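These are the structures, in structure tokens.
What follows is chain A paired twice: with chain B in the first complex and chain C in the second.
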Partner chain A sequence: MKPGTRLKSAACDTEVMVIRAAEGQIECGGAPMAETKPADPAPLAADFSAGTLMGKRYIDADGKYELLCVKPGKGSLGVDGQALVVKDAKPLPASD
Partner chain B sequence: MNIALLLEMAAEAAPDRIALVCDGKRWTYSDLLAAARGAFAIIQDSGADYVALLDESSEAAVIAVFGAALAGVPYCPLNYRLPDADLAALLGRIAPALVIGDEERVTRIAQDQGHTILSREEFTLQTQETVPADDAREYDPGEGVAIQLFTSGTTAAPKAAILRHSNLLGYILGTVEFAGADEADAALVVVPPYHIAGISALLSSIYAQRRIVMLPSFSPEGWLALVQAEAVTNAFVVPTMLSRIIEAMDNGTTAEIASLRAIAYGGGKMPLEVIHKALERFPAAGFTNAYGLTETSSTVALLGPEDHRQALASSDSKIRARLTSLGKPIPTVEMEIRGDDGRVMPVGEAGEIYVRGEQVSGEYKEKSALDADGWFPTRDAGYMDEEGYLFLSGRADDVIVRGGENMSPGEIEDVLLTHPAIADACACAIPSVEWGEAVGIAVVTRDGHEAPHENELKDLVRQRLRSSRVPEKVAFVTELPYNEMGKLLRRKVKDVLAG
Partner chain C sequence: MSLQADLSVAAPAIPLARWADRQLRAMHATYGLPRIDGSALMGERGDHGGYVINGTTSAGIGGSRLMRTKDGGWFALTLIREIDRELLPALFGDAAVNCDDWTAIAAAVLQHDCADLVRVGRVLGLPVAGIDEIPASPAIQFMQRGPNRYGPNKDGPIRQKPLVIDLSAIWAGPLAGHLLWQAGMEVIKVESLTRPDLIRRDDPATFERINQGKASVLIDFADEGQKAALVSLIRGADIVIESSRPRALRQLGIDADALVETTPGLVWLSITGHGASGEPANWVGIGNDCGVAAGLTRAMADAGGGIGYVGDAIADPLTGIVAAREGLAAYQRGTAIRIGLSMSGITALALHEEQKHDRAMIDSELRAWGLASGCRFPPVSRREIQGTLQPIGADTERYLGAFERC
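Presenting the complex of A and B:
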């Protein structure tokens, strides 16, 4: 998965931009994400329904995956069934 | 990756919020995105390889940078202060381009280069009249070039530094929180559009959703009036601007400045005296000193408001000295100080500053300056204290080598500036038969003071530093030469000392 690729959720409105990724399956709301939305929406899995927040970056424990949420939705993100977590950003004082 | 994403996200989250104020006109995020999409269509139709801007800051700069990104074409703002011949040469290197701005001048000096030329007004109008598709973008998921900036080229032909979308997004995503600004926040942008700080200001403000207030042409009175009129909360200035703002306030220009919470400065060395006065004049503002280069997508180290307060309040001379430092590397960047042999220097010893990180491009159109491990040699010389604060000693090329001993002009200048009668000082290498190079200094006497005797200055340096630092030649000048960004032009001082 190339950095910069935009993926859409099959289960909700979530869209992400890939910053970093490996070979695993990127999912949202428990369903695989793809560059196009399927005609029929996938059901939202209960374990992946905490929602995504615009502008937040989501990462896995190994640092292999990083996704930027560019459109929020009801599903939450995962890779091969493992939930991703929000990357803590430490904003700097505005310098420019 | 594509930096157009920053504007797309802001327009998605807050379409009707004011993004930009310029010459009294207000633009929302959705206005700007619609215009950028219009620009995308214009750029594609023109067949241009580059989008160039030859103009002061205006909405056209914002529309052009994002329009170029959507079109997958590098954006290349040009320095309108360059002489015709130099400018024509640069235009020739980016032909065919869509050139926005000074239509008359481009036509006159580069008519036969195949450019499409539009005035600011025509461009802005056309972008609003063009109605492209909502998802208009030449989406490049790879490593495309977002920005090309020509370096100032004081020694040789200007180099074309390139910043990729991934460098700029790495910088913004790593340092700015999306929609992190309050709706009342406003950033006053006065840096010219061809400077990296002028570009990063646009990108970071848009991603933070901080309203951009543009001042196309700097004057201290205009700056103060705009702070009051737009209740500006954040501002970035170069040292000469801050110095002129304070001077105007000293001379009775008044403005309501209580809204100013944050003032960042950079682009050249800030005299200690100016920062002291600024802290008095803007007691409510937090000050940030930012250090960065074109090749690093802007800031790589900063001295934040808390550092400023601590330094001011401290009785420890080492902590007080941090007011003249560049602060610490930002968390997303690695930094090392290396000697001539490439080894990392111990604490307190000067060498060349190397940086590495996503935002560091270190790349020119001709070739990359990165080493095999991705480190960029900045050609800036500096050292770090035991707490990791970075001090700049000048350009690596400015280091004075006397009989094999490396000396940084900065340490000599700092000592000279402690003399009550010295307002400004520059140290540089002069040819020496005995030593290869020796120290020469040019100093400016402070108003109302008598010029000190040469020997007094030599003694001062001898007492505070080593005898090798004692200047062999002293010139008294009425002022030192700076460029418009506040950078000291040492080469010109060298000429004076050689003459």
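Presenting the complex of A and C:
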């Protein structure tokens, strides 16, 4: 998956931009994410329904995946069934 | 990659310093602000810091660069947070780009059209701009309103010394707070325990100049009690200054619109890169790239000065001055209001007004600035320090203690 690719959730409103990815399946709400939304929405899996937050960066334990939430939704993010977690907050917006 | 500096030659005046000075003169006449020199506010960081005009690299730490794009445009990118570099592969759609090397970054920029880089960069939350942009928001937006301080019977409480809560960081917001302090207000600088204002550490001289005389409160936003105490402090204040993106503020548990709607007379100054409402409220903007987004680099090129940065983070001091002016005006009116201030919008407004005021003069100043690459910043009058610089958190107990014990 190329960095900069924009992926949409099949189960909720979430959209992410790929910062870093490997060969695994990126999911939201328990369903695979894709560049286009399917005609019929996928059901929201109970284990992946904690929601996504706008502007947050989500990573896996090995640092192979990083997704930036550009539109929030009810589903939560995962790769091959493993949940992603929020990366630490950025420093305050700075000025130079 | 720095130019050979000719330190014997001082640069010409910073363009738009005269515009800044006219605002300050009017603030002196209308609100009793001491007479402060516009060119001092615009140029004191560059003068004291020994800055050199450096063309397409921003003056000072050089965190912002203007780079040529595939379609012949110029793209400004500011990289002063390490964590932003990790986003560059997504900006360029290329996992292999070397994010630590400006030469590699410039080569990647050359593969893309300017408008695409600006669009994707903004989605990613990077401080970016193109030289042919039109600012997305007006300079000043009047937003949520609330009750008047004086009430229907004009019997509301009036303070001897209006109270300002300054939640902002770096330059524009703190400068606004500094000017309100100069106008006789009591200013409390509030910093987050986990994310304090880094200028205290990185540029102590500038920090002291624009934060002298302010009380210092340090707050742990993970602590519900301290957060509630801060909200109580805000409810008793006259002016709030903040420079966070709206969702960051909400995630901290501070709802600006709700506080303005319910707090008589509260003036809330939201300082942003590109506007406080709609999609642009999510964009990040920093002094140098906001100057580019305002059309200042394009104006300099059109005036014969070539492509480069104008001034030192020029949108910051201009915005600080305008924010203070709007804060003083709104405080005098007495009606609670949230005012959105856009750094790119304000810089574009200043340029436009200066062009109307004296087109030939601003053009010749821009040209002279552009041709002075390699010269040190112009000397400006030195302002004496008049107030005490409080150690971080020195006044936390004094201001939050009473609320916390409730």
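Heads up, the rule we're going with is that the second predicted complex is superposed on the first by the 92 of 96 C-alpha atoms of A that agree within 3 Å, B and C clash if a C-alpha of one lies under 4 Å from a C-alpha of the other, contacts with A are read in each partner's own complex, and residues count from 1 in each chain.
The rule we apply is simple: a contact is a pair of C-beta atoms (placed from the backbone, for glycine too) under 8 Å apart; a residue touches a chain by one contact, two chains touch by 3 or more.
All of these numbers come straight from a predicted model, not from anything done at the bench.
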{"item": "Partners on chain A (chain B, chain C) - clash or fit", "value": "clash"}
{"item": "Touching partner for A:Arg20 - first (chain B), second (chain C), both, neither", "value": "second"}
{"item": "Contacts of A:Met54 with chain B and chain C, given as first, second, both or neither", "value": "both"}
{"item": "Touching partner for A:Pro3 - first (chain B), second (chain C), both, neither", "value": "both"}
{"item": "Contacts of A:Val85 with chain B and chain C, given as first, second, both or neither", "value": "neither"}
{"item": "Identified clashing stretch of chain C versus chain B [220-228, 256-264, 274-282 or 328-336]", "value": "274-282"}
{"item": "Footprint overlap on chain A, where chain B in one structure and chain C in the other make contact", "value": "2-5, 17, 19, 54-55, 68, 70, 89-96"}
{"item": "Of chain C, residues touching chain A in the complex", "value": "58, 60-61, 63-64, 78, 80-81, 83, 86-87, 89-95, 120, 123-125, 169-172, 192, 194-195, 197-198, 243-245, 247, 251, 273, 282, 284, 286-288, 313, 316"}
{"item": "Sites on chain A touched by chain B in the complex", "value": "2-6, 17, 19, 54-57, 68, 70-71, 89-96"}
{"item": "Parts of chain B lying in touch with chain A, wherever the complex brings them together", "value": "1-2, 5, 8-9, 12-13, 139-142, 165-166, 173-180, 187, 197, 200-201, 204, 207-208, 210, 234, 236, 262, 264, 266, 286, 288, 290, 292, 298-299, 302, 304-305, 330-331"}
{"item": "Of chain A, residues touching chain C in the complex", "value": "2-5, 17-20, 53-55, 66, 68, 70, 89-96"}
